[in-house]
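One chain, chain A, appears in both complexes that follow, with chain B as partner in the first and chain C in the second.
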Partner chain A sequence: MFTFNDFLFLLQGVPNTLAISFLSFALGFGLGIPTAIVKQFPKYGLNYVADAYIKLMRGIPVLVFMLLFHFGMAGIVPLFKSAFLSATFALGFRSGAFQSQIFRGAMNSVGRNQMMAAVSLGMTRWQAFRHVILPQAFIVALPGLGSEIALLIKDSSYAFVLGVLELTKYSDIVRKATRSFFFPYLAAAIIYILITFPIANYLDRMGSRLKSRYGLR
Partner chain B sequence: MRDTPAALDPISFTIEFVTEYYPFIIEGFLTTVEMTFLGLAGGFVLGILAALGDVYGSKWLRVIINGYVEFFRGSPLIVQLLFFYFSIPDITGLNWDAFTAGAVTLMLNSGAYQKGYFKGAIEAVFKDQLVAAKSLGMTFGQTLRHVVLPQALRIVIPPWTNEYVSLGLSTSALIVLGIRELTNISKTIAAQTFRPLEVYLFASAIYFVWITVSMKIFDWIYEKVKIPGLEVSM
Partner chain C sequence: MGMGEVILASRGLKKRYGDLWVLKGIDFEIERGQTKVIIGPSGSGKSTFLRIMGLLEPPTEGKIFFEGKDVYSSNLDLNMLRAKIGFVFQEPSLFRHLTALGNVKLGLRVVLKMKEEEARRRALEVLKAVKLEDWADHYPAQLSGGQQQRVGIARALAMNPDIILFDEPTASLDIELTWEVIDVMKELARRGVTMLVVTHELGFAKEVADEILFMDDGRIIESGPPEELLRNPKTQRAREFLSRLIGGA
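Coming up: the complex of A and B.
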């Protein structure tokens, strides 16, 4: 039987799910902005590195990265002895590639005209980028970042395969313990929906509110 | 134990396991491709039907369709796989193997995502054209068949390619049902050969080449079937 206590037990998986998602989002943010900038201002061939990085992350399952990090590279990188960190870094590296695409789209939508206007006022290209383009690009990027967080929260369930004690793992434990086959996973699915939906929705709305306030398209 | 960093030593880096295990690797890769195409094909039908229902259907139909989409897009694929694999036999008494459960769940999941793409594509076909078709005496079915879908199916190719890529990579989630796809096979080989680094790198390379080549093919198809002058952007 699946009781209310089992549900409360299930909730203990939520902190780890959130920790994996938000840490990997932060890592992806830190990687995504430089990658987007390097692609926007090609120099020293770094844009080819960024290109290869984005293509690789787009073409390989995140689960394979997790397994590669945790089982394949733990001997080289001691950090990856922890299943939690392997999962977080795998998701974070992929998120960096995805977020760079979001930022690039946002930067392009802000447009070249403003860049030209800023340069004509005597700003350097970097100053124009830093003070004119980037602040606006952040606003345009908000809805995209919202769905990226939602994606990370859902994909943090891959950490289950490495045995990390997150929501999916807890629902699996409850299924085995209660021999109830219906409710544990359904409860987990609903919890995931209840976490992802408000976050994505909030960033989406904040994005459109700020956009209309600053007259951005 | 894994404590000796053998992989740091360039001489010991070897993909010799391929000569011994290649039949399994091929089997795993084919299962991955098969699952991807099953999921995409089922999702294609479900997606089109759901999109048509959402655009032209009644209020209640729309509520049901959006509930379906919200569930499958809001929760992780792994949870969906476990849920359907364990709960359907429990509720119905029907026994199904992991492969069928996996394929059906992938179809339902992909259908929810493809619905969004098809809906966008159907709505991108100008409303005026529907009126024009009606004024020419075409029925709703004829309009759909001869006016809306030929354009919508062309517009949908680029976002549909994204769905192909993301579903193709998500098939690695089938490992939780024990289906012998590429990731699962790699895990087994890694455990047997004690060469996880090489095995997973090799698997990554297979995934990467497969996805990259597929994307090139879809780009080529898109260019090939495009109607000049009718490039509607979504």
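Coming up: the complex of A and C.
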């Protein structure tokens, strides 16, 4: 029998799910912005590094990365002895590639005349980028970032395979204890929706509101 | 022409895009305090000429002189020169994430490195000059086209440039909104701001221009004081263009 107490027990997985998702999002943000910038301002061949990085992350399943980090590389990188960190870094690296694409699209949507206007005031291309293009690109990127967070929350469930005590792992524990195959997973599914929906929705609406205030498309 | 100091000049200026020669050799100069107006048919190269004089694009051939110095062959700081040449664009080009005040302040802060307080005071002063001090806190999307263009003028003016280039600043505006922008520009001309203006507002040209330049197919084929050029164009092309402009408008 799956009881309300089992449901409360299951909730204990939520903190780890959130922690993996938000830390990997932050890591992805930190990687995504420079990657987008390097592609926008090709210099020292760094844009090829960025290209390779994006292609790699697109082509390799994130679960394979997690397994590789935790079981394959813990000897070389002590950080990866932790299943939690292996999962977070695997998701964060992939998110960096995805977020760089979101920012690239957003930067390109800002328009050449904004850059030209900034340069006409005497700004360097970098100053123009920093003060004019980037702030507008952030706003345009908000809905895309919302989808990215939702994706990370869902894919954090792969960490289950490494034994991280997150929501999916907890639902599996409850399944074993209660012998109920349906309700523990159903409860997990509902909790995932309750977490992802408001966050993605909030960023979406904030994006639309700011876009209409600033007349951005 | 007077004895004033030449601020901006070009010699044998040419520009090519792919196989297309858009500018075919332009000699031009403007002295401090002058207002010159460029007219000419669509596609004749007016915007291209202005962008190149604003140092926003390099020429394919020829030279540009700022205060007598060859811009592209001396080791002048192009960004500092651009700060001394204001530019007002045809299409809306205000920074959309900043208020009117923020738009005017940004160049002061980032380029001229003014302190916040000083930049704010200067920006408000210039917004007042274009009669928009009450709109300082509005975003571009909340302003009319005419107001946006006036903020654009204020943004250029705030930098205290030696010259301001205007590329058809009223072309995308309704007639009622055209006046408020033209009025501001007339006022600047009277105050002695050096201006190079692409416009087909002949009333403006008549009232404040020292000279009108007629551009056709990448060349300036005729120039002269407004009364002369408008009443008595020497070239067939200018005659045709003006009769169409006055008849059609």
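We adopt the following convention: the second predicted complex is superposed on the first by the 217 of 217 C-alpha atoms of A that agree within 3 Å, B and C clash if a C-alpha of one lies under 4 Å from a C-alpha of the other, contacts with A are read in each partner's own complex, and residues count from 1 in each chain.
Please note the rule applied: a contact is a pair of C-beta atoms (placed from the backbone, for glycine too) under 8 Å apart; a residue touches a chain by one contact, two chains touch by 3 or more.
All of these numbers come straight from a predicted model, not from anything done at the bench.
Partners chain B and chain C, once the complexes are superposed on chain A, both fit on it without clashing. Look at A:A177: by the touch rule set out above, it reaches neither chain B nor chain C.
In the superposition on chain A, no contact is made by A:A26 with either chain B or chain C. Comparing chain B with chain C, the partner in contact with more residues of chain A is B.
Contact with chain B, but none with chain C, is seen for A:D155 once the two complexes are overlaid on the shared chain.
Look at A:V49: by the touch rule set out above, it reaches neither chain B nor chain C.
Remark: in the superposition on chain A the angle formed at chain A by the CA centres of chain B and chain C amounts to 110 degrees, rounded in steps of 10. When the two structures are aligned on the shared chain, A:L11 is found in touch with neither chain B nor chain C.
In the superposition on chain A, A:A74 makes contact with chain B only, not with chain C. Nearest C-alpha atoms belonging to chain B and chain C sit 25 Å apart in the superposition, given in whole angstrom.
Across the superposed pair, chain B and chain C touch chain A at no common residue. Note for the complex: chain A touches chain B at residues 55-56, 58-65, 67-68, 71-76, 150, 154-158, 160-161, 168, 171-172, 175, 181-182, 185-186, 188-190, 192-193, 196-197. Of all residues in chain A, only 113-114, 116-124, 127, 131-132, 135-136, 139, 212-216 touch chain C in the complex they form. If you check the complex, the residues on chain B that touch chain A are 2-8, 70-71, 74-80, 82-83, 86-87, 89-91, 165, 169-173, 175-176, 183, 186-187, 190, 196-201, 203-204, 207-208, 211-212.
Interface residues of chain C facing chain A in the complex, by the touch rule stated above, are 54, 56, 79-87, 89, 91-97, 106-107, 110-111, 139-141, 155-156, 159.
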